[in-house]
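You will see subunit A twice below: alongside subunit B first, and alongside subunit C after that.
Take a look at the complex of A and B:
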């Protein structure tokens, strides 16, 4: 698990799944399509990503394709960091 | 923290207040009675740049930062006695100009921002539907991809500026199963586009000079280049525009609250009963003290939030707190001032009952107080 995935996992568990075992979530666990993240919590996650990793999201990038799993989130953040 | 204004901000505030006091104080009673939108005053405000305060000068705006925009809007709200006009300009700027400026393509910006900023174009934000108000993204309006663009079908309601608008920012579902994230797209639709029409016009309790209507989209074709910010980006675009609206419309309310305070103090010092000014009675003076406290507290939160619009990534929590506090403070203060004026406060010629009627909508539009509390609770992890 990369540093991005690990950091985001800790954030999601603490913010949106309090009390949940870390084992219940892996890199491919759906976050948006499963309902773990609703619209507000997705905006909160994006705010966290922007602040934590010093990246910016365009409106149309805040989507299931880019944010549904830890793998996708890490890939999106990485591409922004190096884009 | 330094809360003092820069010399430029002071000059801007004074300039807008002088303009509003000179041009925007007369005729509001008559226009309110008739529900008349003041096209001439809209154009004068455009000449002052009010409709494009934060828009870069390269696109025809004034180029203010977000805090200076809030300062300017407070001055506008303080001097302008036509609450409907102030609201109409706020809705145009914050829910329509902001999305085009911040998310539109260069082509859309070049085509529309100069006219939107100088008052020659009026815009309407079309998202609310008859069956989806607070639950806005449960919308039924659909945009189906076709060769060269999209076809939009649906009806929007409670569209501020709808009857007079030249341009609509329309939110439609392009992938209904996805909802807020990826399922909604924002489009720009010009007046006169075949199939696009104004539906029922509404009479309102307040803000009567700001026209409100349904908008009907009957198989309206819009080209691909009318999409704002990418297909599927409508949810976050709307969310972003609401952050601006929930911070900068309250800035206008600060000006109204300051006007109410002035009026209350004047009335309390000059109106006599039982041989003394009514302000000598604590029942009056304590109410006025509360007006002052509410105004100062509301201003601090509004200005802090306005500053964060450009320094923080997402200000949803700040925006909801600001909107909730300022709108509820405005209603409370307007009600207090009507009571301080007594029977005169109930008469339209004293122009405080109109402010009360205008204020009530502030706890409803841009998301009700209940929705703001839901959002705040959500940010707290509840």
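Take a look at the complex of A and C:
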């Protein structure tokens, strides 16, 4: 698991799923469509990503398509870092 | 086809007809997400065509039509089209679990459903009272790329139109969370809606220059203000769709770039805009009135908002879906620095009368706590097909006057304004939505391995309300939180999914063997 996925995974588990076993979540577990992240927690996640990885999200990028799984999040962050 | 549609003064759709004559070329509705817009005359004509399409699938005056489509310019035309066909609209959240929407449509036996291909598939997967959904609404008519009509039945005859579609006929049914797990339908007529809309005209002087934010989804009663006050006065309804509505950045962008002059949303949304909307440096110069409703606005957040938006007037509008808006309060231009409590809900509006009563229904002395009850023109007709629930919610006094019991505990302050103190039952407000904790419990009980479930709500600084579910569990392994949240998301709208789950061996019980909710709440607060 890459650095981005594991950093985000720790954050999501700690912040939104306290007590959950890390094994229950993998890189393709749906986060938004499954009800784990609601609109408020999605916004908090984006703030975390912006600070942690020094990237900026545009309003339209805060979407299920870009953020629903750890893999999608990592891809979105990567593309911003190198974009 | 004027004879086929309502022309009665006093109904909601007559507001559109009048404005289309007076301001044919002004913008009636626009959608920043798609850049689509309609002028008044275009909206009037499009909704005429939609009314005709509905009559072609058998919709008659006095019937109900389901509305399950994302919020777009065309959706507004369907709202008016349904009413022009003499029917009442029953809007549901297009993102909610299909089963919940289907239950709602079955409950009020809609004649047809306005939907799209994807949602129609989801609605059709399942049975209704043992028979396939197809037998109720099996025929699909494709109206446009985005809209299909579900409905069975030949074209409706056009007699008796006015008899079934007067001002006291149903205009819409809004379903709210029900404590036993089944949403209940709040029925409003054209008259009960107009009592509120017409009161706004006199109180806030809206004009054709105004541009209204339409943040609330159409199944949420805040939308009544956005749609009908704007249309009545020739203003523009600026739609904020499902996606932008959840993005504080987009909301701030729309408020400034779309030159919104009248903003209306829940305090939660405004708070997200303050925290995450990057509001500094944007021009909100057109904003002249900000309305908030649906839940308590913590004073600290309101203060911060007033520091960013220094010009507009601020109003707190209060009222359960059952009453439209029944009290209002204008926030003073300068909030006293020592004020720690939220602003009052204010005094009666919409021509309504309010009283504060004790459990026996007797009015309490001024300043004492009691339940707020409301009578007047903006109060609902009742709950759809639930006379028992309507009776429970109604207090009939010695003079025979019916009062709606809000369930909200208030007191009157020294200035004659009502102050909200809390609830007398298990309903909470989350993101402005009503949530019956019992409905969450019912959804949890649908899980095979959950033996007992108890849901409590506690105050939370950040989100307002923290919802915690306590469970006893028959499965071997400790339940996965992810799986539990997924289960809830399949059965409930997103705003009802609990924040936290706690698995226990036994739920604490009172001496009468009922679940001890007080102790559970104390457990949450302690941790």
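FYI, the second predicted complex is superposed on the first by the 83 of 83 C-alpha atoms of A that agree within 3 Å, B and C clash if a C-alpha of one lies under 4 Å from a C-alpha of the other, contacts with A are read in each partner's own complex, and residues count from 1 in each chain.
Note that in this section a residue touches a chain if its C-beta (ideal position, glycine included) is under 8 Å from a C-beta of that chain, and two chains touch if they have at least 3 such contacts.
Note that the structure is a prediction, hence the values are computed from the model and not measured.
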Assess the superposed three-chain arrangement around subunit A: do subunit B and subunit C clash, or do they fit?
clash
Which partner does A:15 reach: the first (subunit B), the second (subunit C), both, or neither?
first
Between subunit B (first) and subunit C (second), which does A:36 come into contact with in this model arrangement: first, second, both, or neither?
second
Could you tell me if A:62 is touching subunit B, subunit C, both of them or neither one (first, second, both, neither)?
both
If you stack the two complexes on chain A, which partner ends up touching A:26: first (subunit B), second (subunit C), both, or neither?
neither
Check whether A:47 is in contact with subunit B, with subunit C, with both or with neither, and answer first, second, both or neither.
both
Selected from 199-207, 361-369 or 487-495: the stretch of subunit C that, after superposition, runs into subunit B:
199-207
Go through subunit A and flag every residue that touches subunit B in one model and subunit C in the other.
18, 39-40, 42-43, 47, 57-60, 62-63
State the interface residues of subunit C toward subunit A in the complex, per the touch definition above.
243-244, 246-250, 253, 268, 272, 276, 431, 463, 478, 480-483, 485-486, 488-489, 494-495, 497, 500
Per the touch rule above, subunit A residues touching subunit B in the complex are 15-16, 18, 32, 39-44, 46-47, 50-51, 56-65, 67
Subunit A partner contacts - residues on subunit B that touch it in the complex:
103, 137, 178-182, 229-237, 239-240, 312-314, 316, 375, 378-379, 381
Seen from subunit A, its contact residues with subunit C in the complex are 17-21, 24-25, 29, 33-36, 38-40, 42-43, 47, 57-60, 62-63
